[in-house]
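Two complexes come next, and they have one chain in common, chain A, joined by chain B in the first and chain C in the second.
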Partner chain A sequence: MIDIRKVAQGVVLMCGLFAPLLANAALEIVITEGVDSARPVAIVPFKWKGSGALPGEISDVINADLRRSGKFNPVNTANMPQYPSTDSEVNYSAWASTGADTIVVGSISDTPSGQYEVKFEIIDVLRAQVTNGKSKSLQNGNLVLSEDHIIDSRKAIINAQDFRQHGHRISDVIYEKLTGTRGAFLTRIAYVIVRDSKVYDLPFQLVIADYDGENETRLLSSPEPLMSPSWSPDGESLAYVSFENRRPQIYIQNIYTTKRTKLTDFPGINGSPVFSPDGKQLAMVLSKDGNSEIYTMDIASKQLRRITRNRNIDTEPSWTPDGKSLLFTSERGGKPQIYRVNLETGKIRRQTFEGEMNLGATIAPDGQDMVLVNRTRGKYHIAKQALEGGAIQVLTRTDLDESPSIAPNGSMIIYSTLYNGTQVLSLVSLDGRFKARLPAANGQVKSPSWSPYLF
Partner chain B sequence: MKFDPALAKSFGLHSVIIALLLISVNFTADPIAMPVQNVPVIEATFIDAQAIADKKKEDERILAEQKRIEDQKRAQQRKAADAKRRAEAKRKAEKAAKDKRLKEQKRQQELKRKAAQEAKRKRELEEANKRKAEAAKKQKELDRLQEEQLEAERREQAARRNQQRNQQILNDVERYRAEIYSRIQRHIIDDPAFKGKECRLNIKLASTGLVIKVSTLGGDPALCRVAENAVVREEKLPVSDDPAVYEKLKNINLTVKL
Partner chain C sequence: MQLNKIMKTLVIAIPMVTMVACKSGPTEAELEAERNREAQAQQQAAAEAQAAEEARVKVEAAARASRAAEIVEQEKQALINDQTVYFEFDRSSVKAEFYPILDKHAAFLVKNPSQTVVIEGHCDSRGTPEYNIALGERRAQSVETYLRNQGVSSSQISVVSYGEEKPVVSGATEYAFAQNRRGIVRYN
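Up next, the complex of A and B:
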């Protein structure tokens, strides 16, 4: 005998199981993981419509920017099927078959005033292939050509000396359109170069360069060590440590006026100055009270506030994005580890537990992750850990990594590392997948600091 | 015990009739048994006129007497015969009446019996009908149960077949889903910039697997472009020849959530 209830239950159960099938529902597919690769894009060399030689290259800068970001794999110019300069000239399917979803075409022409007009279009060739470049949409009740395959198109008048910078600007636009995140190609880095003291009278140099190391500008040269440059949030000043008076002193210097202010001259250590997110305070390390401790100083009044009080070394302060806490490195647990101090309550909590040592922490702009130097089995690497705890993720394989600094969009980390016996700057993406080394300078390069957004 | 008053009356009446009949039989037996008187007809030896006249007169008187006796006898006989006839008639009438009564009684009885029988038959019929109806009802109930059981079995079987079919479709859909997933996924390049972002697309497929339409349902524009391109790049996605499976594949909601 069949138990009707059981059958009924079965039927109900089966109905439950197959309800999504029986109903005319859409098949759900969820992709939570992409391919570990760089996106192919094509930056077609911008067509020069003027006479004479071009004062600079733009598409090369864009190509290099996109490639260096690690996210993009620009199509080699030699492998391009054509060299269009406007959307109307583009053979969409030919480009789609190169593997690139997106291409950038543009042109440069000279103006009567001696300037240059730069035009470009970012084209979604796959979409264009579907719509044949003639998609229509309703606007104010009229069917108009929407050309939604053109992701963006812009034009600008620039001066001869701004070609490179304009290239970075275009890279920022492309990057933002394709990733949804603001690009950081127009940012700069500050760092210290230590040149050969046998050749240079002033071997210690504080320099500022484009994020890619180009357009290096010397801000300061000194016979004595310069250390720990740090950008003000408005991008106009740098705080740094100078030994020019044979002892460490903290200075703030305006990078445009080069005017500078000596902020500290305490006995002992005066180190690691870092601007607070609102730019009004400076966190620093002083040993005037006998031991290396963390202090904050109100820049306007030079009022000091002692933050840590411990017989072991506390150093390398770093602000959380909300300005309410500091991360710092402390040896209070024996070996250096990262701690966090709440500036309101003074409460201190240890943040890192993995590895032999963790030091030099800095927080990503989203406030979620901290980037630090991790020592495991004697090797110093740049690593990442969620601020709220979790596993340490080592990002680099280079040697003796130190001084990580994060780009304002949180995508890349610049740090100094030992390469062929020389200290150089390297880039690594925050997930550790993309790595690039900046061109070697004549000397040891250290203490890089990534600027905030500047423009 | 109670006597039926009609039955008692009938009994009494019958007893009386029977008694009367017995008595009447006694009456009629006597005249029949009476013997006839024989008289000597020739006895004289001489004849004279007187004497002959006398004798003739005497003879005539004797003859008349004889005739009178005979007439008397005959009348008596007629009377007796009449009586007998009357008695017979009476008896016959009585018998007829009795027969009639008896017949009537019998008829009544028969009627009664018949009525009773009829009643009984009716009753029995009713009972039989009732039994039949009950049996039929029972049978019907049984049939119903059986039918239900059969139906349940059929349903179960159908459900099982359906389940098997559905399972097959489901398996196929899963297989194609996995294929479609990997075909699209291989064009989606991971980027930490997309972390925590999401895009939802709707994909319409022709029965050949040709991507007819890709529309954005919502999400991060940059990620949606990547997702859309990944689908468009495939042009044709794997679909089954089985229309039931194709039905489940033709309309896809794709979520890219990196």
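Up next, the complex of A and C:
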């Protein structure tokens, strides 16, 4: 039976967590390229052992997560040879013939306390075929059943409102076990929605959603532009620029309490706020000294430090993972290119040389590659270049790409682009093979920012 | 006959008047009071006349002032109808074809030092939002510099860049791009 009170409780809880109203229309992910090269796996629908309807379909969440990661191509449920819920029920050779090398089976049962027990096993079908699921190994001199074809098995007790989140958690486990890299399915994105100003009094909205566009919640609505949301490293706050007072000002807002602080109100530009990796400083762009320059601010003391001194445009600061350098865009060489400044020595080095322009660089979490906006023959595309030099690799084929932001595990880039005359968010994997679009129903979507790991 | 009657009346009346006058003539004090009253009345009349004149002048001055304000307002309206200059792609210098528009704004601002303006800088959607904020500021600053070179006080001008955030035409056509690369002189 559905426990209505439980569900209602969940909704209230969520509203408490995100005080602002739930925005109605969410993003939906349309994969446009790259499924062919992905690894086939099978997520068998988890067997429901209780009575009544389930509050959520966990295996649907996992299937969608793995498909969207670009690394996996989950087998369609209709094409599955059987629907086992434990390893003992699995016909290994039947699965091997589907092409899937790994399957996930599980079950859900209700507990006396009104919660749900979720169990699952990740099974290496190819290994199991070899051992027939009965591999043995020596332990304390005895030969025992080792079942080394079971990559992982786990169980957890969850509440009704946590089904979706638990699905993401299982996806994280599967992704990490099969790729060696931590999954980023329990992350969020912040972005700005711009609706028609002729229709809406508050057309600009700062919004947060799960990485897959679910649970979209509005943090702020404004009659004037909102720009450049950027996450604090603890995932609790956003820095952003608001024009609500008819000039740009930098704010920091806690996403749980929604309490916010105005950090800057200098004459001219107050822009591009980015938290340092330790969360104590904010890099930003100010033009109070005459033109667009890079500064860092100690958030606690509001002490400013000027980083660049140049008559040309300097903008788009981005921290290196060690917090010791900033990448930034500068016109000091003529057209905008990427430069790097060592914050200790003040030494500045040009990083990009290919293409008419390179803008808006951010460094991947591994510190090896930078992702940027490249203009070649008038086309703006998301591209990648090793920090230590080398060729620029263009990753996208979309139009007017901007604002790239990288997932905390370095697997995927979210960016803003033009599709059918509307600004939409899109995804591209760091290797450029997987591409997806996130069309929104309710306006132009821009300035995406991927959160750090949250849980 | 008629004349006779009048004469008769006069013959009777004149002695009577004389009698009355003789019987109780005005004292010196009464005469003085009478003179004072007259002087006071005259003074009051003069004051009233002056006040009326002043009021008239005031009304006329107010009318003149409101006519002047009306003219300022009319001039401002005319300027507001022609407040936008457009820029080339990736450029921030004011094109010569827009000098006459800015000259009109400059002349008005010089003549009306209490008027203040905000110069807005805008960009098309090409390039990144942050870079466009910087480019939009440079465009607004070019307009500001032009106005200051025409004698407008810097205290009358402030500058704000909206980058690519407030397009006037949406979409990615050359027409939209050209319409969105603009500087606006906005009156406070």
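In the analysis below, the second predicted complex is superposed on the first by the 417 of 455 C-alpha atoms of A that agree within 3 Å, B and C clash if a C-alpha of one lies under 4 Å from a C-alpha of the other, contacts with A are read in each partner's own complex, and residues count from 1 in each chain.
Note that a contact is a pair of C-beta atoms (placed from the backbone, for glycine too) under 8 Å apart; a residue touches a chain by one contact, two chains touch by 3 or more.
Just so it is clear, the model here is predicted, and its values are computed rather than measured.
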item	value
Chain C versus chain B, contacts on chain A by residue	B
Partner chain(s) touched by A:Leu126 [first = chain B, second = chain C, both, neither]	first
Which of chain B and chain C A:Glu216 touches, first, second, both or neither	neither
First (chain B), second (chain C), both or neither touched by A:Ser287	second
Touching partner for A:Ser411 - first (chain B), second (chain C), both, neither	first
Contacts of A:Gly271 with chain B and chain C, given as first, second, both or neither	second
Touching partner for A:Arg247 - first (chain B), second (chain C), both, neither	second
A:Ile151 touches, of chain B and chain C: first, second, both or neither?	first
Partner chain in contact with A:Glu117 - chain B first, chain C second, else both or neither	neither
Partner chain(s) touched by A:Met227 [first = chain B, second = chain C, both, neither]	second
Set intersection of chain A contacts, chain C complex versus chain B complex	none
Contact set on chain A toward chain B in their complex	1-2, 4, 7, 10-11, 14, 17-18, 21, 24-39, 71, 96, 101-102, 124, 126-127, 129-130, 151, 176-181, 411, 429-431, 433
Touching residues on chain A, where the partner in the complex is chain C	225, 227-228, 243, 246-248, 267-269, 271-272, 285, 287, 291-292, 313, 315-316, 329, 336, 357, 359-360, 373, 375, 380, 399-400, 402-403, 418, 421, 423, 444, 446-447
Parts of chain C lying in touch with chain A, wherever the complex brings them together	118, 125-131, 133-135, 137-138, 158-163, 165-166, 170-172
Chain B to chain A touching residues, read off their complex	148-149, 152-153, 155-156, 159, 162-163, 166, 169-170, 173, 177, 180-181, 184-194, 197, 202, 214, 220-223, 225-229, 232-233, 247-249, 251-258
